[in-house]
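Below you'll find the structures, each written out as structure tokens.
One chain, chain A, appears in both complexes that follow, with chain B as partner in the first and chain C in the second.
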Partner chain A sequence: MTLTMTLMVALCGAAILLALAALAVTLAHAAAASRIVYGACIIVAAVSLVAAAADLLGAAPPQTLTLPLGVPWLGAHFRLDALSAFFLLVVDLGALAASVFALGYGEHETAPQRVLPFYPAFLAGMTLVVLADDAFTFLTSWEFMSLTSWALVVSHHRVPDNVRAGYVYLIMASFGTLALLLAFGLLAGPAGLYTFAAMRAAPPTTTLGALAMILALIGAGSKAGIVPLHVWLPLAHPAAPSHVSALMSGVMTKVAVYGFVRIVFELSGDPAWWWSIVVLALAGVTTVMGVLYALMQHDLKRLLAYHTVENIGIIFIGLGLALAFKAHGMPFAAALAFTAALFHVFNHSLFKSLLFFGAGAILTATGERDMEHLGGLIHRMPQTAFVFLVGCVAISALPPLNGFASEWLTFQAILLSPQLPSWGLKILVPAVGALLALSAALAAACFVKAYGVTFLGRPRTPAAERARETDRYSLGAMMLLAGLCLLAGILPGLFIDALAPVNLAMIGARMPAQLGTQWLSIVPIAASRSSYDGLLVFVFIIMSGSLAAMAIHRLASARLRRAPAWDCGYPDPSPATQYTAMSFAQPIRRVFGTTLFRARETVDMPPPGDTRAARLVVDLHDLIWDYIYAPLAAGISAIAERLNRLQFLTIRQFLSLVFGALVILLLVLAIWS
Partner chain B sequence: MSKIDFDVAHLLAGSLVLISFLELYQDRLYSLLNVYTLHALTLAASVAWQAFVQDAPHLYITAVIALTFKAIVIPVALHRIIVKLGIHRQIDKVVGSGSTMLAGMGLVALSMVVMLRVTQEADPLAREDLAFALSVILLGLLMMVTRHNAVSQVVGFMSLENGLVLAATGAKGMPLVVEISIAFSVLIAFIVIGIFLFRIRERFDTVDVQALDRFRGERR
Partner chain C sequence: MVLIRDFLIQCTEMLLVLGLAPLFTGFVRKVKARLLRRQGAPLIQPYLDLARLMRKDVVLADNASWLFRVIPYLVFAATWVAASLVPTFRTDLMFSWSADLIAIIALLGSARFFLALAGLDVGTSFGGIGSSREVMIASLAEPAMIMIVFTLALIAGSTQLSNVAEFMASPQVGLRVSLGLGLFGLVMVAIAENGRIPIDNPATHLELTMVHEAMVLEYSGRHLALIELSAALKLILYVSLLACLFAPWGLEAAGAGLPALALGVVAYVAKLAVGGSLLALFETSIAKMRVFRVPEFLGVALMLGLLATLLRFVSGSF
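After this line comes the complex of A and B, so read on.
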């Protein structure tokens, strides 16, 4: 009984969440509905989180359970091993923080009856995906997760953009599930062994395994946001209410990563050497494209959504490296790359949720998502500004926060690539490393823009001027995440050691234990090669920062002075003279965007005599949409238009169709030998 | 099974196919009905012979049902419908007789090839019976496809169903329940179609189903 306790706790949690979803349908109009639903979600998530953490830290053996649900001859299989436990922890942590945030944020919800029933169901769907141990349960939970999140995306369905986002999301989600369905079909083989246990016991042939890997990359990649399958993500994630955006960006994409890892690292047999090339090439492109897209945005939530694409690229770089090392029989290097990927999964879920919460708090306070309408919020929302800054520093991979730790580990894995025997990888991996470095720099630029334009300077609109600090629940959730970001940044060794059982299960090796090393530093390979000590960096930053502040105040002036911001020497009363998000991104837009986005700037000059202001118009094209998705959509609608005629045949023609089909089938039967 | 049993069963099933060809050739409604009656009579004889050969008394009931409903009730009712509608002078053909007959021959050849190949282990009587039955079914479908008039389409449907009964009785051990339910479903289909014929006629002044397409009010 005690052996399957964590699994039972998680499953009971999912069941309670589903019951809660049903309850929310009837409750939705009650005044306290939001508090009841989110409060219950907090309790369930917290209990499940503690159980998952205990399981992972205690390196408990895998637990299985079969319930008589679903397909009669198969049942619903559930299993909790180290990998599931880790992702369950990510899901529950995200769910806990989002529910706490929603206690405050949900009060402002205009249509609670469209959000409250789907929110717990969405959480339950994500939990069930990571626990599933057969293909039917996995796909059902996966589709349930997609549909409930779709319902949350279109919860504000009067906004035309949201409807389009929901439509694109629905199509891409079904496409991804189709790819996963085919992958599981290949893995199950002709005997139809749909349990993961059977797939593990009988790994597929090399060709089938490779096909399953490609299909998993397409299926899980479309959910995670791999370029070019990312198109739905920046539309759908911002459309949902902010706590749901945080869950979709921070947690649901990680569930997709889980699906990829489960299929490719465990069920598809031993990797061939070229798998990693596919994964690494796509991941490198994803990383840079994601951050470049983000730089072009001035909608705060959409910018964050594009950054998810970038971070998914970083995670997949780690996974691709792990595949490369695993295929070449270098388990310790593979364990390093795999740990880096999983650690970044955890870190990204923390700071992406934090940043979306911040965007949500700003949205509540001002009603604005467009950065061009914000500004100066640091004076009006100082606490939000502080935690948002922590999130920005973390996502920009600056020490001592957690984003740096995991990206540093990824770089350590990249630096091991010269030991790889194959020349293709020897050349490709450093190129990917260069892309990763470029994206890290661009991400920092992007968050300087996001933070500077949103929080610094002067307010650009009256709405930004009237902003007030957000409520204490939202602040609590953000501070919890900011604290965890700092903790994971200064004590990465703790998290790396906790990931050891996952590595042992998936790779067959683990990184050296980190907790015993001096000064809590991390040493991925050997002390002579490289080491990083987050705590020392933190202490140094704190000390030098305080010393500098003290020196300035002592030597200059103790008084706080206020002066006009960004006036370039010419104080102008209009806030429109400040840097805007567009103008900040202009240099990068000119360097990269002219080819990648076909960016064109035109000056819209009024005719003589007209008193309106001249405008600089920037024209951006999403080439991936223009060259891949638009022709595809046009082709499908052309075919559908042709087939439409079939609906308007005469009765005799319909009969002839049936007759013709019968005769053709009989002919096939006659000719078939 | 003695040789004479086999030969008679073969003869009856073969004549059923031949009569299907006769049906295809008829372009006047009265003569079509007459041939259909012959079709149903032959079916009844075939079923009765099967009952005798297989020593299965319940098949006699099937034969009686076939005789009463298919050879008497339905032709008489259709006859009255034709009189009532006053369409006995109409000629009904979409495709010429020659090409229809050729297509029919192709279908019979196809069903022979398919059946003889698929049922190699089966009892030879059942095997040939099934081949003939499939031919009758396909010819009935062909008739439905090549006719405009709703009455001829009904006849095509009925002879298709005759093929089904032939197949069912050829196989040993088929329970009576199945046959009775088939017979009743055909009767109900017949009643429904009959009512529809009158409704169509009331609305559109014709039983030519092409008129329906014009009146659907949809884009073609």
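After this line comes the complex of A and C, so read on.
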């Protein structure tokens, strides 16, 4: 077994996926095409997943490889270290689950020729980003990943919303790549050292490093969905087919996190104290805005996409804290915060994929994404309902599932921060902690709404009434992820220990080993300070719940009869009398939305004797769009309108324009030197 | 031997809170009634109610799902686990390390999450109104609670409730501004979380202002009994929490022997009596507020918590 084995496996996997993409172009119309493509993706992802997991658990040394591809004098450099291995694992796990899901879901695809070729190419793009070891390969793979996912977003291009989503996505993706391009330009320096190895060997000056950090935050942040660069995300993620939505939300945003970590924690040199302030402030705002936006939605997939924004905020809170601790020479606290962020990366990729699969299963069963047209699905899709519930509990950060474990670690990291000497952080960190707590509570509210309106209650449309349970492949993929959510929730120590090599590489310290502690609890610092045992909490809940059930059924009564709903004596048979997604969010809209979304409610009540229906109109504004993007777009189009005249000049005017430009350039050159 | 004794004490603790919870609810009702110059129901009325509900048939709405039937057990289990991890008469509980204060809050959050889902299951408008208001209240009460936990954790240097209680009982704690703010915040959160006046009225039905009772309107029989028992457990949990944090006198430290244990139990019962009387006094002297005033009430609690945490971040001496 050679030292570069895992890297070879991953690269071969990417090559096979690319070949598969080419094959899919010719094959797309064949009946078995979807099974062949997704089946092959499953095999590639599974092999690569095992290799990456073995690499991470075995704490293998970094592996490098240079291929004679790309720019002739540079070649394509690839490297697999602990960080890459961890993110490779996230990518492969997401790809595996999505491909299994797509075995069933893909059968219903109306335009397979628009999905099948791009799907493996998208997977290959994400794999190559985490393996790239020079700026050129990184950016090429990054753009490849963006373009293939864009193609998947507009795969159903007859839907007007999707076209707009694709357009906004394309602009934001180009903007993000531009920022990353500039960041790498700064890091490479005048000597043009485009390999990461050279950047690592020659860290930039403080100013350049800081600029690179800001640019990385903009570039990777726009892909990950940091507010206010998130606008494309809730448009694009839901527009794609559901398994691709899951990959974009669950995995591609994590690849963006990888880009940020790689540039900021490794290539930009030692962090200055104020970096973390920028990251933490943005992350705190992102967290709360993401979940509030989500609460205002009634499109299930868009709600999930906005929730990704929230979770990205939580991840960046962890990363910001890690930066703060690292800058102030507190490596163990930094390792705790960094572990919390990475653990949340893993957890979010699990439950977000699971929830998007659930939304896809509902879409297949009913043809609906709008929650206001659903309801009562728990009776018709009981298994989907169960796994979706697991996902909801996990994402709401409730014990004993995994979302809570990683948020708990983030809280523990926050509690270490009074030791930070800088005053800005002393004021900011408690506020960020409050925002994190607020977002956790709002997330629970949001998923009560999502689950309650979609799966509980009575069906609101005939489509919801006719729903059937989804196919076994889709169910299998969702059960796999639900099982992993539970596993990561009750045995978080296992995953924290696996992250130790990543911490050692990026921070230079690690959290204490967790597997030796009593009853497999997690102890981030010391047992006297804090500990949490997901397994024991899970066992306690199961035990006391079943104990109560047994005691009551034995000793008291186990009889049950069915009757019409009580509803204080006035049950109304019409399903329209139920609470809807909009009405469920009304109290929260009233508390938070009146300022943040300028929410206004107008009631149009017909006068007595008039038989027309009363109407309640809710008016919401996206202030970020209204105040940042709309003026920007208007400005650009106004300038473009002006510049348009330059196309219709006479020859004399053209010549004088050229002459004027030449003189100005020469002047600039003269002054510059 | 020590292990068995600790285990027995943990079990006693679990059964103690479970057994005392209905009595405490009955006690608060009795004091309230006496303050209103009514005779009031006997102290043991909650037990009689529970026993009667347990024996009755469950009448389930036609379209109630399996989740609706599971939720009472889940809510009860999560609340009971959370309640048995709060020190009542003894600080060093056997399993106190398995969940710290943040986890206890989150366990209560799980219980509320499921209860709010139950409100939506049958698809009636009362259930919906209850759930949507409950999550609105929770979305402000929970962050306020977490900020108070932060304050306590920063003062005591631990989020482990046993350790915090031990620290609070020790002379190092002293008088602190942040503790005072935390106490006020915690009382406000406790009132909101338990749906007491002025947030919600536990004694009403058929009112558009009700929250908790609207959510559980479709429950009957043993399911309703479990939910009522969980509500009682939650109330006693918050009172125990307040007692062990802000009145930690008489808590038995680990291995202090039988007399100390007995003293701990007596002190605990005395604290419950004082807490219950204060709650009843407070509830009779104030009117219920409109639902959309609740965010202001809880906003104050959140600000108190945030201020207390900020003070702790800025200086160790506050």
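Here is the rule we use: the second predicted complex is superposed on the first by the 627 of 673 C-alpha atoms of A that agree within 3 Å, B and C clash if a C-alpha of one lies under 4 Å from a C-alpha of the other, contacts with A are read in each partner's own complex, and residues count from 1 in each chain.
By our rule, a contact is a pair of C-beta atoms (placed from the backbone, for glycine too) under 8 Å apart; a residue touches a chain by one contact, two chains touch by 3 or more.
It should be emphasised that the depicted structure is a prediction, and the values quoted were computed from it without experimental measurement.
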{"item": "Partner chain(s) touched by A:Leu208 [first = chain B, second = chain C, both, neither]", "value": "neither"}
{"item": "Contacts of A:Ile588 with chain B and chain C, given as first, second, both or neither", "value": "second"}
{"item": "First, second, both or neither for A:His379, with chain B first and chain C second", "value": "second"}
{"item": "Which of chain B and chain C A:Pro418 touches, first, second, both or neither", "value": "second"}
{"item": "Which superposed partner A:Thr650 touches (first chain B, second chain C, both, neither)", "value": "first"}
{"item": "Chain B versus chain C as contact partner of A:Phe659, first or second or both or neither", "value": "first"}
{"item": "First (chain B), second (chain C), both or neither touched by A:Val47", "value": "neither"}
{"item": "Touching partner for A:Asp533 - first (chain B), second (chain C), both, neither", "value": "second"}
{"item": "Chain B contact footprint on chain A (complex, rising order)", "value": "648, 650-652, 655-656, 658-659, 662-663, 666-667, 669-670"}
{"item": "Of chain A, residues touching chain C in the complex", "value": "375-376, 378-379, 382, 385, 389, 393, 396-399, 404, 408, 411-412, 414-415, 417-418, 426-427, 429-431, 433-434, 437-438, 440-442, 444-445, 447-449, 451-453, 456-458, 519, 521, 527-533, 536-537, 540-546, 548-549, 552, 555-557, 559-568, 571-572, 575, 577-579, 583-588, 590-591"}
{"item": "In the complex with chain A, residue positions of chain C that touch it", "value": "54-63, 65-67, 73-74, 76-78, 80-81, 95, 97-100, 102-103, 106-107, 109-110, 112-113, 116-117, 119-129, 131-133, 135-136, 138-143, 146-147, 150, 153-154, 157-160, 163, 205-206, 217-218, 220-222, 225-226, 291-292, 295, 302, 305-306, 309-310, 312-314, 316"}
{"item": "Chain B residues within the chain A interface of the complex", "value": "94, 107, 110-111, 113-114, 117-118, 138, 141-142, 144-145, 147-148, 209-210, 212-213, 218-220"}
